[in-house]
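Alright, structures below, take your time with them.
What follows is a pair of complexes built around chain A, which joins chain B in one and chain C in the other.
And now, the complex of A and B:
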């Protein structure tokens, strides 16, 4: 992940602070920062969400847009399911090292991680409902994420924004007709209803997981690392937990060291407790964002950037 | 040298069932950043075009190969004494000649790199041994082949340093209950210790 260059004294300060249970911004080891969420600001997308983790309007900022396309089935693909394709890009304006090809490795890492969490049955989405006509046509949901600002803990914010965007996604309704052709065979045709009022939500979107990232600093670990804490992190593990408390994905990153097996087991236990709180918090924040009068409000440039 | 590529500092060729992987380690050699206080470890992972059963792969590195390169770096770098190689870089080039199950191939690649690093004489805290498992119904099955992996509900990959008692990498793909995950971590770690014994025995015998 993008990291600051810290002097050895600063690194020591953060490490020793965390080992004594003190974090630079006063949080406890398992406390997360404030989250601001806004949904459906992109009128051209089927669903969208922008999530920021941080204080005072500054923090890790991720924008996710969902676009649904109808794909024709080709041999070799599953016959009765739709698909979810993820793509994450770190905006070059977010950090200096993201210029040019600097963010390429990070983009690949985040894309594959998001794909691992959302791209199959483990995401909780009902992919069968995304099939329009078996062996003929299906919906593909393109989950495109843009990381606008990086202040530590990209993955957690990324998954929050993706989950919010998918929950806010509305697909046009599809009408399927079966007609008999000259030979008496049944041919199916579908028609996409072009009515903005007649749209369906994604089935199973409430089962989507949230990610919790644990960063090991010295002998203790913290959740939702800030930029400075990330620079001192020796090992990091991301655990994705569904609302039913199932573990949907685990991935370790950072290269300085590994985890002792007992510490890893403790982290997996903590992950469930924290995920329970996070899911409750998500519900509150999402409902507030959706009822924010955004339905009647035109999404102009100033609402997009200003009051956020 | 345990394999070909005589210009390399260390090489290894690893076979596990149908999986065949070759790794060459170059280094320590001049790093790209001259002000680095510790060495850097880079890994380049590639499938040979004929390696996978499902289709021919192009010579251009795909996104999944780039991700696996990062996975290998995250799994093996904790074992290397990088602070002993300031301003230097250690490069590992992994080529999969034949693959059988994605998680099993990544585990085999980690084992192969460990052997090649030891062959190159790079200072390490311990060798990294890796193992993969798949969830078939309610039971965890070790080292799944491709058809078993396609049918499995979940796959788990763990890389472990038995001497230092540290899990250097964990990757779960698929949904499980927390108890199933705990069970998998336990079993996989034990299996890694057994794989480690095999690697060590082979390295010792190659010196004789």
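And now, the complex of A and C:
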């Protein structure tokens, strides 16, 4: 997505490599790069995660914070559901062309994509459980993502980080009391328990999907495209797959071409196979990140002042 | 805060890592060099880096810096713009370098003045995005580098892959174009741009002098691709783990890496282990 100009010889080298199944960095077509993850490092947020896809401390880097707010219901909104509101912003430090308004379009594109993956029942989140009192009050989860570095494959990293942040999210417990007023009508009131120990996880967060983005280069396709590979990508499709292996969102991104139907069918098949491995990997990485605390802090291999 | 040295001896001043604002010495006998500033009698570091001392001159070499060119440097650059009688070239420096139309070789090595028709077809020589292998010829008044490609070995780069590293890791040496024993050519640009490609013999290059500006790659086999990827990953890991990048260190890294698949070289543990053994071998060789 970052604009990078390559020479025709480099483009040819990358394309040939993809078609032969041996990419410029030695990976096969369906190999993914390393992922490092850290959770709950923003104390003000209800849940947060930082995820990086890449090697040795360089790579696409996304920070997601979840902030839960109580909203009062207004007419026209769904009566018995909470809401998820996404917002993605690309930091100007990630790439030069994000300076000024340069990232505007990409921000809108990524925000919408994340909204489509997380914002409805397809996300697996139990939005009904986010309702506090029907037609009165509900939780709004603000999913705010900041893209800190771009080295290819933003969407997959973004969804990884969002999923980790939502899994790490703890909502304060809410006590609802119903009192009858003098006319005998039932009135409900609620109280948010202000106790760091007394918090609950999001219902259904373990059903959240992961995204796998396929980039068509030449006649074949790759997953987890590098920056150089994105520069020669002709068409791109993101497939979000739940842990139950259901495909819950598909989006083709605006690029030079479309997919041949046969290739798209093949992609949807391999999306599920890859998602199965990715969900297993996510589980492993997430557990390591949340169990060891400071020891689980990913070492980045950077020689200069270290980690995240 | 760092200790302020009261009795600076060579060991106190040199070979120390400092951050911006660290006091280096307060002895008035020393002179301020690059990367330092003085306040009162004390010399402070203005960058993060290593303290160096040459006689009475104290300077700090920063750990991360842009390339600053010297005449005769052999570099790799990427064309960013085609302008009147010149190309602008990204050379990883503070400003773009310049390649004049008059400082390139014409296809076939014809020696003549560049005419107006050459000017009109400049894009057929180098277009935006092309990588060039060049030498620094001189400076312009504003400090921009003027490059030239007037030798058969210089010119357009093909058949391989590009890696960018920290420029301070590539030392200046007699040659920067190496053919590694694994059958891979590598250009170690002093500016930190590195080109790893399939080996093409010099005889073949000379025979194809008409096609020096071609954009077509030679056929590259899977084994060659694997070797190129392995060398490129070796360079990348040396860079990330801050090891000098020379022909020797790349060969060592390549040899050490043979026990692992090329795609695994950059994973945390493998990279750290390889960098360790490369450094050990370099040390052993030096002693």
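Definition applied: the second predicted complex is superposed on the first by the 292 of 308 C-alpha atoms of A that agree within 3 Å, B and C clash if a C-alpha of one lies under 4 Å from a C-alpha of the other, contacts with A are read in each partner's own complex, and residues count from 1 in each chain.
Just so it is clear, a residue touches a chain if its C-beta (ideal position, glycine included) is under 8 Å from a C-beta of that chain, and two chains touch if they have at least 3 such contacts.
Quantities reported herein were computed from a predicted structural model and do not represent experimental measurements.
Colleague: Is A:38 contacted by the first partner chain B, the second partner chain C, both or neither?
Modeller: Once the two structures are laid over each other on A, A:38 reaches no partner at all.
Colleague: Should A:52 be classified as contacting the first partner (chain B), the second (chain C), both, or neither?
Modeller: So A:52 meets neither chain B nor chain C here.
Colleague: Just checking: does A:163 make contact with chain B only, chain C only, both, or neither of them? Give me first, second, both or neither.
Modeller: A:163 contacts neither chain B nor chain C.
Colleague: Figure out whether A:20 sits in contact with chain B (first) or chain C (second), or with both, or with neither.
Modeller: Only chain C is touched by A:20; chain B is not.
Colleague: According to the stated criteria, A:265 is in contact with first (chain B), second (chain C), both, or neither; which is it?
Modeller: first
Colleague: I'd like to know which partner A:151 touches here: chain B for first, chain C for second, both or neither.
Modeller: neither
Colleague: Under the definition above, what is the set of chain B residues touching chain A in their complex?
Modeller: Listed in rising order, the residues are 41, 63-64, 66-67, 70, 73-74, 77-78, 154, 159-161, 164-178, 181-182, 185-186, 189.
Colleague: Which of the residues in chain A end up touching chain B in this complex?
Modeller: Answer in residue numbers: 105, 108-109, 111-112, 116, 120-122, 235, 237, 242, 245-261, 264-265, 268-269, 272.
Colleague: Hey, which residues of chain A end up touching chain C in the complex?
Modeller: Counting only chain A, the residues touching chain C are 5-10, 12-13, 16-17, 20, 22-28, 31, 34, 55-58, 228, 299, 301-304.
Colleague: Quick one: in the complex, what on chain C touches chain A?
Modeller: Contacts found on chain C: 48, 63-64, 78, 80, 127-131, 156-162, 215-217, 220, 222, 225-226, 228-230, 232-233, 236-237, 240-242, 261-263, 265-268, 271-272.
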